[in-house]
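Note that the chains take the letters A, B, C and D in the order they are written out, and that residue 1 is the start of every chain.
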C-alpha cells in the first residue's frame, strides 16, 4: 500500500491529565456553572460565544422537540427498554433511529428549501420576497413535491408551536428574512391551493435555524438531541408502571388472530 | 386467548388538534420562552416545578457529559455518518449504543452504591458517615469489586470536574449526605489502599443525582442525553473536514498488513 | 504524549484491488457457491472448516431465533421504519437494541452457567452429572437467582423448540455433556421446586453453543444475527400493509385519555 | 376522539402455548432440520417454498456482504463493544446504522434503476436491451447523477465478486433480463465515458434481486442482515485481542495535538 496518510484533526475539544477544554474554554473553570445547556449547545456546535438572544431561541427550538407523548419513537424506546433494561442507552438509540424523513425530516427539508432560495442572509424587500415565494411554490408544484413545513396532520387549523416560536424569535431579533420567507411561501401556497396551509413547528424551526446560519443538513440534529431527553422520562415511567409488554401482547394477539386455530 | 387486557396509561404529555401539554403545562404558552433546557429536562422527568437551584445543578451535570473529544462514541458516530450521511439520527444512535458499563456506567454504579447504603435522604452524623463508608469499602473489598466513582485512568491526580461539580452543588444547597458519603468513601478507600483515589466526575454525578432523589437506574440517562448533543457538533465538523474515511483506511491497512501478500 | 502505540491487528479478512479473502479463503473463488450461510457463519466466526454436522446444528440454532411474530423487537423495528423508511438499516438496528437480558440473555446465562460448571468439554458420568446439577440448583437457590434456560412464560408445558433442537444436536453427534447437564439441572430443579421446569429454547441453545466450544459471552450474537433477518420480512409487510401508525395512534389515544379535556 | 380503529394484521408468524408457526409451517417440526438459513430466509421473506436454485443464489448474495475486513461498520461495532461489552446487541446495531447511501445503498439504487426501466420481468431482445441501456445512461447523464452499480473505488479493474455472482446466478437459471440489462448499461457507460466501468458487487446483487422479484426498497435488507453476522466474529476477536481502545487513543491524540499546550 503506497497510500499517503492524510492528517486527522478535530477542533472541538481536548484533554490532558489535569485539563478538559471545549472550544478553547476550560470545562470546569469557565463553562460549568457559567453556561446553561442551551448556551453550551450553541457554543459546542459553533465555537462562538452566544449572544444573550441566541440561547433563548435555541432553548425554545430544542424544548419544542423533546416531548410529544407516546410517539412511535417513545413507544419503540419503551419496547426496547422492556427487553434490555440494563442498556438504557440502547433504548434511547432505538427511539432515535426513526427520526427520519417522515417525522423530523420536515425541519431539514424546510431549512434546505429556504437556504437554497436565499443562500446568504440579507435584507430583502417585500416584493422580492413574494416573488421568491411564488417561485418556490411553483417549483415544488411542477416537481410534484410537497412543500415542507406547512400544514399538519393533527394540529389544526394551526400548529400552536409555530406562532409561539416566531414570537420568541422576534423578541430576540431573530425573525429575519428566512422567517418572512417561509410565511410568504405559506401565504402563496394557501392562495394557490385554496386551503389553509399555515407554517407548522418544523417549518418554523427550519426557518429559525437558517436565521442562526446553521447549514440545512445539521438541522435534524436538534430534533435528535431533543428526542434523547424525552425517552429518559418515558423509561422512568416505564420502570414504575410498565406498558410495553401490554402493547406487545395486544399487538401480537390481534395481528395474528386470523392465523390461529379456533 | 382469554387474556385480560391491562390498561395502557402515561402521565407525561398529551395533545389534541389545538393543544400540546407536557406534565400539565401548555407547551407553547407556559413552557416555550419560560423555561431553559435544563429546567424543562427536570420538569419533563419529574413532573415537578424546579426550584431555582435544581436546574443550575442539572445543567452542570449534563454539560459535563456532552463533550470529551474524540471518544469511542464520537468516533463511532462519525464512522456511521460517513456511510449514511442522510441518516444523522442513526449516527447519533450509533454513538449512544456504547455508553454502557465501561464509560458511563460508573455514574449509575456510584448512585446505586450510595442509595443502597442510604435509602432515604436524611441528616447523618460524621461518625455514622465514617462507619457507613468503612462498611462499603469493606463490602466491595470482600466481593473483589472495584469501588465505583473513584480514581480516573487519564485525569490525575484529580479529575478536575469533580471538585467543580461539588462546588456547584454546595452553592445550590445540594451537597447533602450523598455528597458527603462518597467523599467519606474516597477517604476510607485511600486509607485502606494507601494511594490517592479521589472522587471522579462519574462519582460526583452519581452522588448529586442521589441528592436530587433520582433512582440509580435512571442516572445513566443524563449521560445518554448529553452524548446526543456532542455528536451533532462532530458531524458538523465531519461534514466540513472529514476524518472517518482516513481512520477506516489506516485501521484496515495496519490491522491486516500481516495477512496480505508482500 | 509519550504513550507507546500498540499494534492494531485483525485476522479475519483482507482485501486488495483484485482480491477479497476471508479467514484465508478467497471469497469469490472458494466461498461463494461453495458454502451456505450457516457454513460460512461458522467459518467466519471460528476460522475453522466446518464438519458436515456443525452447520446443520448452527442453521437450526439461528433459524430458531429468526422469527417469533410481533415481538417487541419486530414492533420497534416497524415503528422506526414508519418514521424513516429511507433508513431500513436503522429500523433493523432499532429492533436489535432490545435483545438484552430479558429476551435473549437467557441463552447467554445458560451458556455461562454450564461453562462455569464444566469449563472443559469432557466425558462425565451420570453420577458426577447429577451432583453437578444439584450444586448448580443449590447455588442459584441460595443466591436467590432464577435458573436460566428453564420454563417459559408462554410455551407450556414444554417449549416445543427445545426437544427438537436436542434431537438435531443428537443426530449430529453434538448432544454431549452440556446438553446432558442442562437436562440434569432441569430434572433437579423440578424435583426441588415440585413443578414442571423443562429446558426451553434458550436453555437448549445455550447448551448446544457450549458443545460447539463457543464462549458464553458470544452466544447472544446468534440471537442478534437471527433477529436482523426477521425484521426485513416485517418491513416488506409493513411497506405493503402498514400497522405501525395504527399502533401509535391507539397507544397514544388510550394512554393519555385520562389527561385530556372531556 | 372519534377516530375509527383500523385492523392490525400480520401474516408472518403466530404462536400458542404449544406451537410456533412461520408462514404456515410448524417451526420445530417442518422447518428446523429441514431448511438451511438461506432457504429459511427466502421462506420467511416471501412465504413461498424456495426452488432448489433460489437459496443457492440467495446464500451467495448474503455471504458476499457478511465480511469485508475492518470496514467503518466493523470499527464502529468494536468501539461500541469496548464501552458496553454487556450489550453485544447494541454493538451490532451501532455497526448497522451506517449501512446507508454510501456503502450499501448502491445495491438499492441499482435495483431501483433496473426495476424502473423494466417493471415486469419478461423476455427482451438484444436490440431492446441496448436501447433501454442507452436511455438509462443518457437519463443519468442529463440528471448529473452517478450510475449505480458500476466501477469500484478499491477493486480494480474488476470487482471480483461480480462475475462470480453472475456465474452462480447463471448456473441456477437466474441470469435473466435484469442481469443482462445491467451488463448492457455497463457496456454503454464504458462507451460513453471512454473508460472501464464494469458492474461491481452491488450492481450484480441489485440485478439478481430483481430477478428474484424482490422490490428495490427491500434490497438493502440483505446487506443489513449480512452485516449483523460479521460483527459477531469481530467482537469475538475484540474480546480476545482488543484494538478499539488503541484506535480511540491514537485518533484522539493525533486529532487534537494541535490544540494542546506544548
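We take it that contacts are C-beta pairs under 8 Å (C-beta built on N, C-alpha and C of every residue); 3 or more make two chains touch, one makes a residue touch a chain.
Quantities reported herein were computed from a predicted structural model and do not represent experimental measurements.
Engineer: Hey, how far apart are chain A and chain D in touch steps, shortest way?
Structural biologist: 1
Engineer: Quick check for the class: compute each chain's Cα centroid; which one is farthest from the centroid of chain A?
Structural biologist: C
Engineer: For the chain pairs A-C and C-D, which is connected through the larger number of C-beta pairs in contact?
Structural biologist: Most contacts of the two pairs: C-D.
Engineer: Quick check on the interfaces: B-C is repeated by which of B-D, A-B or A-D, going by over half of contact pairs matching?
Structural biologist: Answer for B-C: the repeating interface is A-D.
Engineer: Can you grab the rotation angle between chain A and chain B? Superpose on CA, round to the nearest 5°.
Structural biologist: To map chain A onto chain B, rotate by about 180 degrees.
Engineer: What's the call on chain B versus chain D, same or different interface residues, using the half cut on shared numbers?
Structural biologist: Mostly the same residues.
Engineer: Distance from the CA centroid of chain C to that of chain D, rounded to the nearest Å?
Structural biologist: Their C-alpha centroids are separated by 23 Å.
Engineer: Just give me the whole-number Å value for how far the CA centre of chain A lies from that of chain C.
Structural biologist: That pair's centroid distance is 36 Å.
Engineer: Could you say which residues in chain B touch two or more other chains, in rising order?
Structural biologist: In chain B, the residues touching two or more other chains are 7-11, 13-14, 69-70, 84-87, 89-90, 93-94, 97-100, 104, 243, 247, 251, 255-256.
Engineer: Thinking of each chain as a vertex joined to the chains it touches, would you call that graph a line, ring, star, complete, or other?
Structural biologist: Contact map by chain: complete.
Engineer: Please name which positions on chain B make contact with chain D in the complex.
Structural biologist: 69-73, 75-76, 79-87, 90-91, 93-95, 97-104, 243-245, 247-248, 251-252, 255-256
Engineer: Can you name the residues of chain A that touch chain D in the complex?
Structural biologist: It comes out as residues 7-11, 13-14, 16, 21, 84, 86-87, 89-90, 93-94, 97, 251, 254-256, 258-261.
Engineer: Quick one: which bits of chain C touch chain D in the complex? Just the residue numbers, please.
Structural biologist: 1, 3, 5-15, 17-20, 22, 27-29, 31-33, 35-38, 40-41, 44-45, 55-56, 59-60, 62-64, 66-70, 85, 87-90, 92-94, 96-100, 104, 154-156, 158, 160-161, 163-165, 167-168, 171, 215, 217-218, 220-225, 228-230, 232-237, 239, 241, 243, 246-247, 249-250, 253, 257
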